[in-house]
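Next come two complexes built around chain A: one with chain B, the other with chain C.
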Partner chain A sequence: MRTWTDLDDFQDFLDAGGMVEADDDMPEEYRSEVFRFIEFHANSELMGGLTERDWIPHAPGLRLKQIFLAKTQDEIGHAHLLYMVAADMAVKTRDEMIDDLLAGKSRFHNVFHYRAETWADQIAIAFLVDAAAFASQRAVFAKCTYGPYKRILRRIVGEEGFHMRHGEEMLLKMASGSQVQRDLFQAALERWWWPAVQLFGPDSPPDDPLLKWYVKSERNEVLRHAYVQKYVPLLHGYGFTVPDDGLHQDAESGEWIMSKIDWAPLKATLSNSGPDSERRLANAVRNHAESAWFRESIGVSA
Partner chain B sequence: MTPSHTYEVFLKADGKSEFRHVGALGAADNEMALMLARECYCRRGEGEQIWVVRRDDIAIADSAVTEPNRHKGHRQNDGKLVAEHRRQLREGS
Partner chain C sequence: MSHPSLMSPGVQEFVLAFADDEHFVGSHLAWWIGVAPFLEEDLSLCSIAQDELGHAIALYELLTDDVDQFALRRDAAEYRSCSFAEVAMPKWEDTLVRHWLYDIAEDIRWNALVDSTADGVPAVAQRALSEERFHRTHSTLLLQRSLTGSSDAKDRLVSAMELLLPQSMTMWSPVAGEAEAVATGVTAMTSAKAADMYVDAVRADLGSWNVSLSWEPQTAPEGDRLDRVDGFGEFQASLNLVLDLDPNAEW
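== the complex of A and B ==
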């Protein structure tokens, strides 16, 4: 177990490339911020996995059902890994984290507060939302100073890569299909573009402790900008229209410039009052109750 | 209810690689831990063999124990002195 005399001493350790382990006597500020970050990630994977599951019966064809089964297992698996790592930080137990999530006291990613209306929404989620989550997780993995988190992120990022590739393959089929299919995806794109862009969050504050401690390696606005540069041309290439009237290419730099982002929808999701928050949480509560017999039978708590 | 234990999970890929620690899980017994390890850490065949070890059974030595051996330069030799001598010989100085 290592100890540090104060936050400056700890910062020197991190600046020199130090990696923090679960049994280190890390500063309380670091412990609580990193814990909150991992708990948020864990909750998001669980809530995401539950919605993937809902769509398995609707997936058209056996191969897509297999893909969505595997994807559901991946997401729930990520939640499991993250809850283990978070619990080892000794801030809350795993049961306390699950209880808080189900009671609506915790946060999870904005994109899981919206309803997927058609199968095309699942494709938009796989193509746009998974890619945004992938970019943001990869940026955490790049430098992450909390060792246990970095080690499981390697695996999570790898698996999200499969999901993204499945997503683009599904999109390719929709885009090269009938007009009905293209219209379905265009409608889904209109529902998911802004939530995907907002997933990166508002601009990072100048003194963001997660940046200072190298948990995040890049500012939110930089990641968001890079995402837009990549996904606008991709969507155009498939023949779809990005739902942003103000979107234009800068004459000199060639960069895609978006309209000003309205952050009110993101804020609503952070207090669990997004358009679909209530139904999603109720589903999660019901799922937890319905699967209690299984946890009891294998001898694991709540 | 059977108490749950925390297990540490190790995987060995095929070939000559060593077992590597991949993470942890909660399970009631060894059999359950192996099954969950396969489903949590080995879904795409990442390992050919699995070890699971109860965390409580692991004996741990931290840096207080390993510290004395971090200062035994006589056990190593970076070869710099000899390399410098040979370089001078080659250059005929």
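== the complex of A and C ==
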């Protein structure tokens, strides 16, 4: 077990490319921040699975049903791995993390406070949300100083990249399909564009400890900007309209400039007051309670 | 619908009955993704659901070139599923008990097909059996642990068994084409013989768990596969919710 004399000593270790392991005597500030970040990630994977499950029974084909099952299984699998990594940090057990999630005491990504209204929302999630999550997670994986998290992220990023490509394939079918399909996706785009952009969060604070400790490798605004530059032309290319009246391309740089982001919807999700927060959590709480007898009988965690 | 195989209508009906059962059980298991009792079970049950859907696809492919159209958009009267496979089971104890019973039956049904004379069937059966070993282990271990884990769990599971065991016999309700399937070597046994093996296997498990039930197995009901359960229309409409938006679209 490694120890450090103080935060400066620990920072020198990280600046030199050091990697922290679960059994290190890491500073409590680092343990607390990294744990909170991983718990948030785990919660988001789990709640993302619940967002996607709503449309699996209606998948328009048996192979598509298998594919979306496998995708959602990946998300639940990510949650499973992340809860184990988080639990090893000895801040909370897995049961405590899930209890806190269901009690509304911990958070998950803004996008999973929204409801998938149609099958096209399922595709918008795969194309837009998974891509945003992929960009965000890849940026964490790049330098992440917490070893157990970095090793898990290698797998997660790989699978999310596959989901993203599958989303693009599904979108291509919608874009080249009937007017019904194009209209369906355009409506979904109007619901999911801003939540996907907001997933990156507001601009990173100058003293963001996760950047200082190399858990995150890039600032939120930089990732968000890169995402917009990539996805606006892609969506235009598929014949869809990005729902931003102020969106324009800078004549000199060629960069896409968005309207000012309204952060109120994101803030609402932070207090579980998003459009579908109440239903999503209530369903999760009910399902969890209804199967408590079984977990107790075989002595397992949730 | 098109039929790329050279199977006779009777043999097709026999294969269809199994395909429809697999389709509906797989779809019902898929419902549990994200809401199974614990994370590891979520992952396991989701894999099993994918396997069952895969078995359905493999069997449908022996009958048609357009699996989705055939699997999802027939008239209700054209399905040959049994009521045990059709009914939705939103309570975990019912789902777990059906999982156990259905997989006992599947094991018997697939084993009867490994030497089938029908083109393509033995390969599908071999693949399915390799997956079913895991399914059987999964359901029996979970039941064994839960039955001995608490009296509440035992009460719930035994009640589910008493409710579902009689209905499970509908899995052995024969279709008209079965006689031809047996006569031509498509399957190695009649439903009646398979039902006997099923009852023995169920009783062996119950005995090993020290569970005694008042179950007296009845002969499989005739005609069950020609009728649909209450709520089937709603279930089928749910399966077709997206396809109905534009039936000619490629999704």
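Definition applied: the second predicted complex is superposed on the first by the 291 of 302 C-alpha atoms of A that agree within 3 Å, B and C clash if a C-alpha of one lies under 4 Å from a C-alpha of the other, contacts with A are read in each partner's own complex, and residues count from 1 in each chain.
By definition in this document, a residue touches a chain if its C-beta (ideal position, glycine included) is under 8 Å from a C-beta of that chain, and two chains touch if they have at least 3 such contacts.
Please read these numbers as outputs of a predicted model, since none were measured by experiment.
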First, second, both or neither for A:181, with chain B first and chain C second: second
Contacts of A:299 with chain B and chain C, given as first, second, both or neither: both
Touching partner for A:2 - first (chain B), second (chain C), both, neither: first
Which of chain B and chain C A:152 touches, first, second, both or neither: first
First (chain B), second (chain C), both or neither touched by A:23: first
Partner chain(s) touched by A:260 [first = chain B, second = chain C, both, neither]: neither
First (chain B), second (chain C), both or neither touched by A:79: second
Contacts of A:88 with chain B and chain C, given as first, second, both or neither: first
Comparison of chain B and chain C by chain A residues contacted: C
Footprint overlap on chain A, comparing chain B with chain C: 70, 73, 77, 80, 296, 298-301
Chain C partner contacts - residues on chain A that touch it in the complex: 46, 49-50, 52-53, 55-66, 69-70, 72-73, 76-77, 79-80, 83, 119, 173, 177-178, 180-181, 184, 283-284, 287, 290-291, 293-302
Residues of chain A defined as touching chain B within the complex: 1-2, 23, 70, 73-74, 77, 80-81, 84, 88, 94, 151-152, 155, 296, 298-301
Partner chain A, residues of chain B touching it in the complex: 1-4, 22-29, 32, 39-41, 43, 62-63
For the chain C and chain A complex, residues of the former touching the latter: 23, 27, 30-31, 33-40, 42-43, 46-47, 49-50, 53-54, 56-57, 60, 67-68, 71-72, 91-93, 96, 142, 145-146, 149-150, 152-153, 156, 238-243, 245-246, 248-251
